[in-house]
Every structure is written in structure tokens, then in C-alpha cells.
Amino acid sequence: MSRLNVSLPGLEMKNPIMPASGCFGFGREFANLYDLNILGAIMIKATTVEPRFGNPTPRVTETPGGMLNAIGLQNPGMEKVIGEELPWLSQFDVPIIANVAGKTIEDYETVAKEISKVDNVKALELNISCPNVKQGGITFGTVPEVAKEVTERVKAVSEVPVYVKLSPNVTDIKEMAKAVEAGGADGITLINTLTGMRIDLNTGKPIIANVTGGLSGPAVKPVALRMVYEVSQTVDIPIIGMGGIQSAEDVLEFYYAGASAVAVGTANFVDPFVCPNIIRDLEKLLDQYQINHITDIIGRSWA
Amino acid sequence: MSRLNVSLPGLEMKNPIMPASGCFGFGREFANLYDLNILGAIMIKATTVEPRFGNPTPRVTETPGGMLNAIGLQNPGMEKVIGEELPWLSQFDVPIIANVAGKTIEDYETVAKEISKVDNVKALELNISCPNVKQGGITFGTVPEVAKEVTERVKAVSEVPVYVKLSPNVTDIKEMAKAVEAGGADGITLINTLTGMRIDLNTGKPIIANVTGGLSGPAVKPVALRMVYEVSQTVDIPIIGMGGIQSAEDVLEFYYAGASAVAVGTANFVDPFVCPNIIRDLEKLLDQYQINHITDIIGRSWA
Amino acid sequence: MVAVEKMVVTEQIEIAKNIFKLVLKGDLVVKVTAPGQFVNLKVTESLDPILPRPISIADLNKENHKMAIIYRIEGRGTELLSYKKIGDEVTIIGPLGNGFPIQDMKSGQKALIVGGGIGTPPLLELSKQLALRGVEVTHVLGFQTKEAVILQQELSEYGKTYVATEDGTEGTKGFVTDVIDQYELEFDRLYTCGPTPMLKALEAKFPEKEVYLSLEERMACGIGACYACVKETCKKDDELGYRKICSDGPVFRAGEVVL
Amino acid sequence: MVAVEKMVVTEQIEIAKNIFKLVLKGDLVVKVTAPGQFVNLKVTESLDPILPRPISIADLNKENHKMAIIYRIEGRGTELLSYKKIGDEVTIIGPLGNGFPIQDMKSGQKALIVGGGIGTPPLLELSKQLALRGVEVTHVLGFQTKEAVILQQELSEYGKTYVATEDGTEGTKGFVTDVIDQYELEFDRLYTCGPTPMLKALEAKFPEKEVYLSLEERMACGIGACYACVKETCKKDDELGYRKICSDGPVFRAGEVVL
């Protein structure tokens, strides 16, 4: 029996490793590199009702131990994702988590309703936390009542379990978690990116055209771990943890903090084979630390 | 005429470079390494009414591009700081910024009142943002109304200008800045540390005995810059920026973002000569970028 | 197919001020399919700096599994790269992108290859392969000043090579377009890589001609997954409305995307 | 006085499994004032890892400006250190701390030096200097197993050297305290460095004796400025109530701080 298989609402996974939304497109590029069947799940790029072009470039820049991005939720729109991307992904025996974004609650409802009908979409991830979209987006992710309402309304129309992705840019992540749990969320994913900035020394102007961007990568790992630790002890729904994961060791750390599965974002850009490598190393690491099954260690760091 | 001299409320400085509170003790150790007279100012270790032992060890650990600390405001108490440390520091022609901490508003008032009477203390820095003290501390730094009240009450008793040090662990740093400005703050210092965590793979337990710690160092620089950028355009009082500064280039970035002076924390541990090195390099950098005076570039990144 | 490989440094020389030629050996070389492709290069195994750097393949030798890249020290990443010594390993992700179309160029046709500054390197392999096909190649290279001139000699092997410098310290004083005018250069197809103003000038100058431009943008993934490097299409009714420089380019037909 | 210096690697050898001896050359060496002092060592110029690593000075040669450190690969920092080659530079902050008191030890007096595992290295220079003063030195070293034994031969040069291993694969089976009992070792002063349980056992065993312990704690500044490395004092009425391991220690008289 596998020591890595994990069951979460809607998700029967071979292992708890999945690429994070926005860092893996719709899988096509990585399918050229390795067999996507080995992944625990795939979180696809944020999908909105209409196609979106996103922000002007430069959209990314590097920071110490991390990177900033302000892609601006570029995506081909719900219709194409449902009509082309998801059918293409159905060739793989991997549950898809559809990342849903929008400007209004109605947008979220529309996308959630339609995309949750697709066969291989096993769960939704409500992106109420994208810092790079000017309207809507960010407020949903920082006001508990609004987050609760979005969650409730999406739950009412979704045919699959709903995970809510929380923003780390809040005073009290526990409040946010409790709000979305009360709204009926089946799980929580965190963290999205921390809002940050970098300035070009030659021009004195921000490097990212959008001025600020979302900070991700190893630099944010301590913040992500702290939030997983806090939230996992506050709510009764499972957490998919992310933020700076680069190695199987990092996966253990998130499990100890209280995560029930993890997602890998930025690291896919540093090494496109990072997900298969982590899955390979994880099994060895369980031996090394004499862990019988990965689920045995959830929350081991709790007092 | 110097191209680096800077005047801020209470502070006439040869240059805008000062060690950050808690990363320089009361200067004694660094005085063995170089002449403290070259510094623009010194932010001394947080001072509380009573002596404090602080948290159990381990108190520090490393993270990707940064570090976590949970010192717990260890300090010899107001009486000793006023009776021994500040007189010793008075041998240097450098303005001292006294970092004031406490559990209650009364604590802040008591320390502020007494310490602001000392001759070489030219400004206070209200530490309402230390994440490593369990009672009091953190609430002051995350609730605008409370922050305003502490500021007002300290302003009423202080004989020198009061800077308020803001926590980055908030949803809206602009709100906090406006609150302390309304409370009469003469300036703002930011950022204090982001709350983070790291787990020991061998034990599965947090490495920091206090469980969480404050994240500092280059990893947080993008967050610090973003907050300086936001706050400097929101309030009319000057900002002393900090968070991950390691080089003269970093100083320029903070100036472009909107800072009027900067503090250097963690980098003092990586290279104890970092402050003199930055001061030396800064002058050259002004040449390279054809900047006449450092104050010319404050906020150059603003739209 | 894209691979990740630790390639070994077999040569590192400074060919002009702050411009280096680095030769790397590894199996990845045989996967290169076209001149103008690039690699994403990790300058260190540590996370400082964390992102790989996109650098064009300048010269290829599939038989002995070697390729050369030519880069200018711009910032910390390229500076660290310049410290690599023979025998050191460098992690390479590649080959990436589609490169310049050459299969449809026939012997006897005329190609004008225009390079600007540090955009010149990928044109070396391009020129070599065109020449091999019997295409008549002419080069026009633009630089700021004499010290910045690179690859003039190497390119001369494959065809006539003109140089322009902005300050006139070498060749024609002025821009590549001045050289083209001055010598009334003719071509069936123009290939170019260099700074955006130069690409814009060439696009504007030859609206009726077949012009291929190699573009740059800040990248993260380099393979088309992150949407960091998009450009809008010129045609507003284009089905997608955008192209990714890393995976749809970096070479585009002039008029395809907005420069 | 503390200096920051790029010292040059002149030797790097693996003296036991995952344990390395690194010899560094530089002017900083002449500033060392006592055995048991340590340095803070940057394993890379990059910010990954960012903090310097505290490592004891194991052997000193002031004349030719060399010092040796002996370290075990524990994590990423020490692993990276083990890749340093002859000629490489390593940035060192030091010397730090106060080291072992030896000035008051007289010729003919007896010192018992007890080392545990990777705590043994600073005892080498200590023993050398004590022996030079005519002090009669005896060593007891404790390790987990035979493969982990280090410095047995080097220390034998200065005095009798006993070894204990937990699994009995070398010397006495058991702990250093077992060796001391077994051979009824006597001393005027005991110096020790090693894991905390060992230090505690020695402190408890010789409450009436002069025992000096070298301690460890996670550090940041290494110079006494950050309050990362404090230990509570045993005496509750101590004026400070704490000591900093980096600047007040790392060596303390047993009974001064709570282990």
C-alpha cells in the first residue's frame, strides 16, 4: 500500500503533491517534460468568466529568495478552459482543482457553477486572494464577512467540494479561516502571495509594470508555515499548504505544521522537474524519519 | 557640504544610516569594531519599565534569505538603560532613538516620559509591533484606534519627537499609519518583523522555543518596500524604512520608495561592519546615479 | 524536448569589455532544433539568485556536444556566471523557444542579418546554418562604441559584415539602418535581434518585407506556463490576442506582436 | 579585537566520516587570545545560507598565520563548507568569545580535559597550550562509535588519552564518566566541551571541583549584541540574571549558568 496516498474532500490522490495554480498553466507545457499521471492533483491557472489579457509587462521580477509576479489572472476564459483545456487534461488520471476568480460574487458563481460540472474537476479553489487584480479580488480575501458570503454562494452552486484560498496579507488569518469554514468551505488552501515591490535602480521606478506584485518562493516559507500552523488548529477542515516549497523536506515541514497536502508554485520555474523529484524523494524521507504514512505526521508540531 | 546629511524631527544626522533596534544592543559591542560617530543615529534595544529576561532559547533560526527571532524584548530595564547605557553612549556625537516597549499603555508612558529626558535621546521609537511578546504588544500594533491612543498618550509625556514603529502583519498598513499620524506621531518607522515559523525536521517541533518568531532580512525586503511606498504616499510625516537592507543599493531602493532615512537590522549579524560599509558606498552610488543629495530622491518611484 | 542538465564549462573567455563567451558541454546540445533557441541557465545551485537566466545559444557543435553562449554582465546573475571556471557545472534548462525559420530559405536567396549589441550572439549560429544552406548572408551589426563590438570576425566567415557604432569609433557612424541605406543592402528575408528601438526601426522600414525579430522579456518559467512574457498581437482579431515570447517565440514575424 | 577577514583555505581533509579539518590562513589568527575562542564563519558570500556559523578554533599557528577548525557536517552550511577547496576564500568574523582560562594553571598542576564528540576540537589547542605551560594533561574523549573518534592521536602528544564509545567499539564501553571512574582520574581543574547531557553529568559529578564548560546555543551576531544566546544564571540574585554564550562565554565555570 502506498505511504503517500491522501484523501481529501473530492480528492483521491496518489500523493499529496500538486502544482500550485498559476505556476503550471493548464499542464500542457509540463506534459512535454514528464508524465502528469504521477502528480497527486493539478491546480490549474485561475479561470474567469471572460478571457483576460492580464497586466502589462514586466510581470515578474526576482527578489532575495523569492520572486514577485503580477500576471493579472491572464486566462482564456471559462468557455475555452471548459471546452479545450479540461478535456485535454482528462487524458490523465489526475484530479483537477479549478482555481476560480472574478470581479464580482456573480462572476465566482458563474465560473464555479459551470466548471464544477466538468468530469475531471474534482474540487474548486476559490481565489479570493489574488493581490494583482485591481477591482474586487483583494477585498474578498481580507474581509471575513465577504469571504464567508462568497464561499456560501459558491457552495450553493458548485457540484464539487470547495476549497478557499486565503491571502496572507491580513492581520488575522484565523478569522479569515473561521469565516470561510462557517461559509461551508470543504478545505482551505494557503498561502497566496504577499504583496511586495521592487524598484529599478536605474530609473527609480517599480520594476513590475503593475507597481506591486505577489511575493512567492522560499522567502515566504516561514510566513506560510506559521499560517498553516495557526489555521490548522483553528478549523476542522483540511488545509493544502503552499509557499516556498522546493523539496521533500519542505513538504514534511508543512505536514508537521498541520497541512494535509501541499502545492508547489515558484519552484516549478527553478526546476521544471521539481514535482516528480519531490514525489520521488518523499518516499525516501519517510524511511529516513521512520514515518509509516504521510498522514501520520499532520500537525506533529502542535503543542 | 555633505550629500548625505538628513534632518528629521528631533534628528540632525550626518547620514541617513542607523542600526535598527534590537540588532545593535546599546552599541557597546560594535564600538569595539568601529567608531560609532560615523553613524547617522542609533536605535537602541527596546526598553521596558522592568528588566526583562525574554524568551527561552533557541531564540533565533535561519530561513531562506532571512532569519526568525523571538528574543522577547530582553533588556536591563529603564533604570539601567538611563543610568548606564545612555550615559555611556553620550560619548558619541550621534543622536539616539530610544525604542520603547511595554505591556500596557501606562508602561509606554512611564518609559517614554523618563527616557525622553535623557540628553542624547533625540527621539523615541514606539515599538507597538513586536510580535514576540505575548501580552499587549501585538494588539497595539494591529488595531488602528489602539495605536492612535498609545501615540497620543506617549506624545503627551515625551520631551522629544515620537516615531511609531509599525507591524507589517496587518491587512492595511495605510490605516495604521493614518491612525498614528492622527495620534500626533512625528514620524513612522517600518517594518518590524513578519510573524513566521520553522520546524525542526528531526523532532517535528518548532525550532524557536517561542514557537513563532519575527522574520527579518533580505527575504522581507519586497514587503517592506511596498509598505514604505504605500505609507509614504498616505501620510505627511517622514518614514524611516527598514527590512532587509544589506547594501547602499538597498538604501536607494528604500529612498525611491519614499523613505527619508533607513535602518539596518539583520545585516549587522552577517557583517558587523555593514553600516560603515553602506555609508562609504552610498556616497559613490550617488555619483554613479548622478544624485546630488540623497534627499532629492525621496519617493522617486511614485507615479 | 526540454531537458534539465548539469552542463560542464569547457571554456570561458572575455571577448569584449564585460562580455563573455562560455562554452558548455552536455547531451542537451543534441536537442537543439533551430538557431535562435535559448536556454534558461541557473547561475548557482543556491537560491540567490533564484530564477534562471534566459540566454541565447550562440554557437553549436552537436558532434562534440558543445554549445557556446555569449553574455554581457548586466547584474548579479551574469556576474556570478562570469566566475565559472573550466570544469564547473551549470544547470541548464533547454533548449527553449522556436528559433529562426530557415528551412524554407533556398540556396542563392539573400538573407540580411542585423544584430544590435548583445542581441548579436544568436545570429552567429543562424548565419552559420544559412551559409551552410547556400544562402547569401550579409551582416549589419550596431554597437555603441568600438569596445563593445563583438562577433564581427566570426560572422565575416559566413558573409559580408558591416559595423555601425553610435559614436563612430568603428565602421559607419550611426545606426544599423544608416548602414543599410548607405550600402543599399537588399535581401529576401531579414533576421534581427537587438534592442527594441532597433527592432521597431527595422519593422517600420521594411513593412512589405519578410522580417523576423527575436524578442526579450523578463521571464520566469521559460516554457510557456506562467504567462510572464506575453506580448499583445498586432491583429486585434487574433484568436488568442497574445503570444508568449518564451514558447511562441522568441522569434516572431514582424507585425505579429506589438513591440 | 574582532575582525572580518577573507581567509584562504590551505587544507581541507576528511578526518573521520563527515568530519573535516579545514586550515585557514589570514591575519585574524594573531588576534586570538585564548584556546576555546571561536569564529563566525560565512560559508558563502550569497544570502543562502545567510547567517554565519559559529565554529571553535581547534589549532593555532600564529607564526604562519594559520588556524584549523574541525567540523562535522550537520546541515547545509557545514555541507557547503566541506566543498571549499585549497585557495578558496572564506569570510571569517572573529576571534569571538573568551575561551578557557589557563593563565592561572601552574606547571605540575593536573588538568583533566574531557571532550564529547564534535565538542572535542577546541580542546586540542587548549591541551597544547596547557602542556606548554608544564601542566600535566589527561584526556578523556567520548564518542558514539569507533568511526566517530577524532583527535585521539593528536591529543596523545600532550598527555594520556582515554576513549569511551557508547557501543564499545573503541576504548571503554560507556560514557566519559565511566572512564573517569574506571581509572580514578584526578585533577586540579576539569575542562570540557561536548553535548549538554555530558556537561550536566560532569557538573553534577564534581560539585566541589573547578570545572569549566564550553557551551553552545543558536547564535546570530556572535558578539553579544542580539541577545540570541543567553543562559540564565544559577544564582537567582545575580545582578544580570543571564549570560551571553557568545561574548560572556562560550566557556563558563560550572555552576554559573543553568545548563
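Note that the chains take the letters A, B, C and D in the order they are written out, and that residue 1 is the start of every chain.
Here is the rule we go by: a residue touches a chain if its C-beta (ideal position, glycine included) is under 8 Å from a C-beta of that chain, and two chains touch if they have at least 3 such contacts.
Please read all numbers here as calculations on a predicted model, not as lab measurements.
Colleague: Taking mean CA positions as centres, which chain lies farthest from chain A?
Modeller: D
Colleague: Quick check: how many Å separate the C-alpha centres of chain A and chain D?
Modeller: Distance between chain centres: 47 Å.
Colleague: Taking each chain's centre as the mean position of its Cα atoms, how many Å separate chain C from chain D?
Modeller: 55
Colleague: Just the number, please: Cα centre separation of chain A and chain C in whole Å.
Modeller: Each chain's C-alpha centroid was found; their separation is 36 Å.
Colleague: Find every residue in chain D that makes contact with two or more other chains and list them.
Modeller: Touching at least two other chains: 47-48.
Colleague: Show the residues in chain A shared as contacts by 2 or more other chains, in ascending order.
Modeller: Residues 64-66, 217-218 of chain A each touch two or more of the other chains.
Colleague: What topology does the chain touch graph have (line, ring, star, complete, other)?
Modeller: complete
Colleague: With touch defined as at the start, can you tell me which chain D residues reach chain B in the complex?
Modeller: Per the touch definition, chain D meets chain B at residues 1-2, 4, 42, 47-52, 91, 93, 217-232, 240-242, 247.
Colleague: Can you name the residues of chain D that touch chain A in the complex?
Modeller: Where chain D meets chain A, its residues are 47-48.
Colleague: How about chain B: which of its residues touch chain C in the complex?
Modeller: 64-65
Colleague: Going by the contact rule set out above, which residues of chain B touch chain D in the complex?
Modeller: 22-25, 28-30, 32-33, 45, 51, 53-54, 57-62, 64-67, 69, 71, 74, 76, 207, 217-218, 246, 266, 268-273
Colleague: Would you pull the chain B residues touching chain A in the complex into a rising list?
Modeller: Within the complex, chain B touches chain A at residues 63-66, 68, 142, 169-172, 194-199, 201-202, 204-206, 211-212, 215, 217-223, 225-226, 229, 244, 249, 252-253, 256-257, 289, 297, 300-301, 303.
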